[in-house]
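Each of the next two complexes has subunit A plus one more chain, namely subunit B in the first and subunit C in the second.
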Partner chain A sequence: MNASQMQALLPVLILSLTAVVLMIQASIKRDQKLAWIISALGFLCTLWATGYAREFAQPVTILLQVDSWSLFFSALVVFAALVTLVLSRKSFSPEGERKEEYYLLLVLSVLGAVVLIQSSHMVSLLLGMELMGVALYAMIAFPEKGLLPLEAAIKYLVLSACASAILLFGFALLYAATGQLSYVGIGQQAATAYLSNPLLVMAGTAMVISGLAFKLSVVPFHMWTPDVYQGAPTPVTGFLATVSKGAVFVALTRFYMDAQLYQYQPLITALSIIAVASMLIGNLLALRQEDIKRLLAYSSIAHFGYLLVVLITLTGTGMASDAVTFYLAAYILTSLAAFAVIARVAGEDQHKTQIAAFEGLFWRDKIQATALTVAMLSFAGIPLTAGFMAKFYVVSLAIQGSYWFLLSALVIGSAIAIYYYLRIIFSMSKTSVIDSVGDIGVQDYSANLTALLLTALILMLGSWPQPFITFAGGL
Partner chain B sequence: MLMINLILILIVGGFAALISERFGQNIPRKVALAVVMLDLVYLLLSLSVMPELELLQAPQPSDPQSWLMHYSREWIPAFGIKIELAVDGLSLLMVFLTLILGAVAVSASWTDVQVRRGFFEANLLWTLAGVLGVFMAMDLFLFFLFWEVMLIPMYFMIAIWGHENRGYAAMKFFIFTQVSGLLMLVSILALVAVHQSNTGVWTFSYFDLLNTQIAEQTAFWLMLGFFIAFVVKLPGFPFHTWLPDAHTQAPTAGSVILAGVLLKTGAYGLIRFAVPLFPQASIEFAPIALWLGAAGVVYGAVLAFGQTDFKRLIAYSSVSHMGFVLLGVYAWNALALQGAVMQMVAHGFSTAALFMIAGSLQERLHTRDMREMGGLWQNMPRMGAVAMFFVVASLGLPGLGNFVAEFLILLGLFQVDRWLTVIASLGLITGAAYSLLLMQRSFQGEPDETRQLTDFGSREMLTMAVMMIALIGLGLYPQPVLDIARPVVEGLLNFSATVTGELL
Partner chain C sequence: MLEITLFYIAATVALVATILAMTRANAIHALIYLIVSLLAVAVIFYLIGAPFAAALEIVIYAGAIMVLFVFVIMMLNLGEKGDAREKQWLSPAVWAGPALLAVVLFAELLYVISSANGPVSTGVVSAKQVGLSLFGPYVLAVEIASMLLLAGLVGSFHLGRRYLDRNTPEEEKSQRGAE
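For the complex of A and B:
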């Protein structure tokens, strides 16, 4: 390992260092403010390092592929973690409680996500996913009081363990078929192995994809999503929805591309079924939800259905990988905005995450309500928001590839989705409850600033996307 | 820059109205009125420097330089998306209609809206900005953007200031338009993809896409995507069900904008996009569209007859009148098309005025139920006389704009399909029936002497006078409007004739 490889690894190294420093700090002086500052500094340095490392983009050992694409997503994930950190400050800082471990877990989970994003080998894939996941279980269960977080964490833990087992079995089968564990190696060997033993290759890839699909919570691997979303503390839900799912999708895309899985028709058929089911079932189940976090859980199922459409249309052309970049960026920003508002408005009160609790928010807190409105419009794919440009990409790709079946599911799914996103906006604009509900408390500048920043980013991506498209094209 | 400024003035004016609420409850409405007037004056001034001859020249649909105004600049070059605006006679008429009715709507909201006036006027102005964008955008992406974005302020107007069942109505309105818009988006993207595979160029420009060669089967489906989006907005039978709810629940100014302007975007879209982009498919589809139009005329009229709610009756009458527009467009000859354009303008004024009267009644009586009205002429003679004027205008009395429009449409339609003309004429008869019923039930009959009602004041009379003059002008001397519309109509007819290789 030479110096330039170390420089390429700088984001990972800084994150590891932050984790070590946090551990040492906890053993010397327990102070959660200090822990918060250390984590924030660590994330900021990592953010800088992702830019710095671009000049040294290269494969680092057989395990990690550091290139501008993975560095961009690393930056995105770290940004999401930074937002989570800002949101967590309120939720996790009741006086007299010791919560420094939470920050350590957060940093470790981000480290896992970055490794996952840069992975080019089954081992680093598993390593990153487990590091991210294990830290996440603890983060979900972190609030000591209340049974819901605990229930959510156990549910997530047990099911994740199953998914990991399936994933590992998939690795084993692929190894048996090809004798390779790196993505590229599998890609080189799988085609010949497929001719001699198609069942082994298909079963292996199917199991790997199932394991990843569980983390993405696409139908039929979605059962855990609403409970975990609802039970987890709101900032952690936001983290799960953005960092965890985003990183896994990047890994899936990388595996799919490098292992050249797009040449196997049975696999594409299976992915199409998963995508259609996710778009339809996710949106349908979201219709009747009364809890906004559960609603967003189902909505995220649908959004990963749309993203799978992009994956299916990936045939090595440039536009499709741009589409993944754009869609994930739009999705992550929009989710962050939504969860930032929920964290601010509802806090950790289980009753306040009901949609009914958002009634009249426009007249109580304009900034938060505007941010949530923009987020909902972006999710629904209304022009001028990032979500629209993202959907624009998906629809163009589906049309160019003549995937009319997927396209019709997408249109029907989006049509259903408008209803529940509008429901939230309508609820916020209700005027009848203004007098009964007082002001939600003192101004919180950091929350307002976060909401405004995310709103501005969503609107900018939607109304002036050219700079970002150029940037994404160069990745 | 002119056309962009028209839109920008309204957007910035919206923010100004929003902020101005801090300085007083009554400031926003004045700001809004000033902004609309400024826009109108700005448009008139810039037109006055334009040589008159140009207005009368027939523009080539596919040559932007022959249009009255054309503006284009890069926006998202990665997809060939431009900020491209252009205006011909048709757009110009619609822009004028929008701004005049915008001023009317501000006047309608003068006392009607009591809470959060700043936000209301802002939404009103933003809706107008979106509508102007729809009438001027010549880049299909930009057009779609305006088409969708104008829904949001309109949604808020219904959802926040609407009547008792506003949530349901606002939701229904938004979902109908959004879902049909999604179909249009798919059609637009597919059209662009076909053009791209033909020529290798990514472009959303109307002028480039006009001559796209599309396989017959594909063209039919793409045309259908556009058609459904526009017919939902029009609204044409059987996609009209959102309209009675939205109209009835919207605040008065919202109804004025909705009926006067928003519905016309559907008609405009049909004339501008659905037919010229897919001439061959449209000709094949025309018989079905004509039947839908005729069905709308009769069905809307019959339903209007059965209503007891003042606003609902007018809403259904709009369905009937917009059926005429659909007939005019798909008859696709010079007479019928000019009639359709005329109908768009005349219906805009007459319905906007009727909704304003309905709003005034609701403000005074706190009901829209006609069974609780009666003899109002005695209580409010001025309002009664005004209502009488617009009711007879709406039923198509010769001498007023609506008559000219419907007569031209029927005349044009007669050349295409006689029996359909007969059916559509039924709409005129039933129209007379329900319009007079409206008048009888609410303004005539035994007056309730205990009622203390204030008659129309000078602000209302002034607003009504504007629309009366417009309708009388359209009825007695329709030539200027026809002159402005004719070159556009001829250009479109020539274009579609050369494309399909046959004259209709």
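For the complex of A and C:
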């Protein structure tokens, strides 16, 4: 590796360095404030490095592909991790509990996500996904009290291991069919291999996509989502919903494009079925939820259904990759805003995450209530928010490619979704409970600042998207 | 033709041992079948021309990791009850099945070693080649794997510590008595 490749790899190197420094710091003197500062500095340096590395965009060995697209998503993921770090500072930290390991695991998990985003080879795909996942299991089970986090972690661990096994089997079948492990190599060989042995290629691809779809929790691989969302500490849930799912979707998109999977009709049919099922089932099941974390779990299933529609319309060129960029950016910002408010208002209390506990929030904490309202409107796709522009992209792509079946499922799903998103807003604006529920406590400036920043970003993406669209088009 | 037959024998042994490992109620029985299954996979590696991978499979999986498991389980079985249970483990009904499967693998291995030209049809992957590709094109994978191990280590340390920090019931009793 030469100097230029090292510079392209700078974000990964800085994250690894942060992890090593955290280890050394914990061995010299345990201090969770210092660990927090080191992690924050590490993430800020990584954010800077993702900008710096753009000038050195190139493939680094056969494993990683550093280009402006992957660097943008790396920056987005690191930003989400920074927000998670701010949210985690106060939450689940009873007296005497040591949290240095939590910060170390967070840094390692982000490292895994960045590797996953930049991967161009089966080996780095698997290693990145496992690194992200292994750190996440421990983060989910991190609080020492309560059984729900442990239950969530075990569910996630066992099912993830299953998904990884299926993914590996898929790799093996694709390797048997094509003799290649890099995405591009598979793309070159798969078409000829498909003619001689279609079953092998299709089974391999289907297994790889199933393994990734598990992490994205699209129907029918969605069973774990509500329990894990509910059981995990709220900042970790936010991290799981944004970083983990976003990174896996970027990896899936890259694999789909580089391996030229869009030329296989059976695969498109399968993906369409998954997308329609996710949009309908995710939204229908969200209707009856009383816990806001479970509700967001089902809503995320539906949102990845919408994203799969974008994936299906991808045919190698044009607007579709912009749509992935825009939709993922909007989804990650909106989810972060929602989970930031939940972490602040409800903390780790299982009763306070009930939707009923949010009644009258407008009179108790205006800033947080406004942020949650904007996040819900953005999820629902109401104009002037980022979610509207994102959905606009999806709909126009579906119309251009005349995918009417997908489009009708999307419209029905979105219509159902408006009900439960608005239900939360109505609940917050109820006046009947103002006297019975007290103030939520002292002002927390870092939480208010985070909520305001995310709200501003969502509104800006939705009402003045032009700079971002130009930027995304240049990626 | 010959390699194919040998491969299918080893693969059958691996499948049977794995299924038995999953269905055993007793942890030790399951582990012994799992070891046999790993040995069968090692034989398959050997048959397809990867003796280095076969050796690693035996040294690391069947050797280090599985023996560690068995040790821990046996260490937890202290006292008279444990003695009785260990005696029960030494009855033929327990070791006959795994031993039979292992004998099949051993016979296969003996046959392969004694036959003159060996079973390999496509060339052998030597340890040097493995090392060259690990520290050549795949060097980043090695580094990322080290971070993966770090994550696993830190995570298991944290999850295990909640039981280490807490005193055992005996200690708590003696502390209360002192007060």
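What we mean here is this: the second predicted complex is superposed on the first by the 473 of 475 C-alpha atoms of A that agree within 3 Å, B and C clash if a C-alpha of one lies under 4 Å from a C-alpha of the other, contacts with A are read in each partner's own complex, and residues count from 1 in each chain.
Rule of thumb we're sticking to: a contact is a pair of C-beta atoms (placed from the backbone, for glycine too) under 8 Å apart; a residue touches a chain by one contact, two chains touch by 3 or more.
Here the structure is a predicted model, which means the values were calculated and not measured.
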Output check: A:Val115 vs subunit B and subunit C. Expected answer is one of first, second, both, neither. What do you get? second
Of the two partner chains, subunit B (first) and subunit C (second), which one does A:Thr370 touch, if any: first, second, both, or neither? neither
Give one of first, second, both or neither to describe whether A:Gln466 is in contact with subunit B, with subunit C, with both, or with none. first
Looking at A:Leu407 after the superposition, I want to know if it touches subunit B, subunit C, both of them or none. Which is it: first, second, both, neither? first
A:Tyr419 in the overlay: touching subunit B, subunit C, both, or neither? Say first, second, both or neither. first
So, does A:Val60 touch the first partner subunit B, the second partner subunit C, both, or neither? second
Check whether A:Leu384 is in contact with subunit B, with subunit C, with both or with neither, and answer first, second, both or neither. first
In the superposed arrangement, does A:Asn197 touch subunit B (first), subunit C (second), both or neither? neither
Which bits of subunit A are touching subunit B when the two form their complex? 363, 377, 380, 382-384, 392, 395-396, 399-400, 407, 411, 414-415, 418-419, 422-423, 425-426, 429, 431, 465-466, 469-470, 473
Considering only the defined contacts, which subunit C positions touch subunit A in the complex? 137-141, 143-145, 147-148, 150-152, 154-159, 162
List of subunit A residues in touch with subunit C within their complex: 1, 16, 19, 23, 60-64, 101-102, 104-105, 108-109, 111-112, 115, 123-124, 127-128, 130-131, 134-135, 137-138, 141-142, 144
Complex interface listing, subunit B residues touching subunit A: 75-79, 115-116, 144-145, 148-149, 152, 155-156, 159-160, 167, 170-171, 174-175, 178-179, 182-183, 185-186, 189-190, 192-193
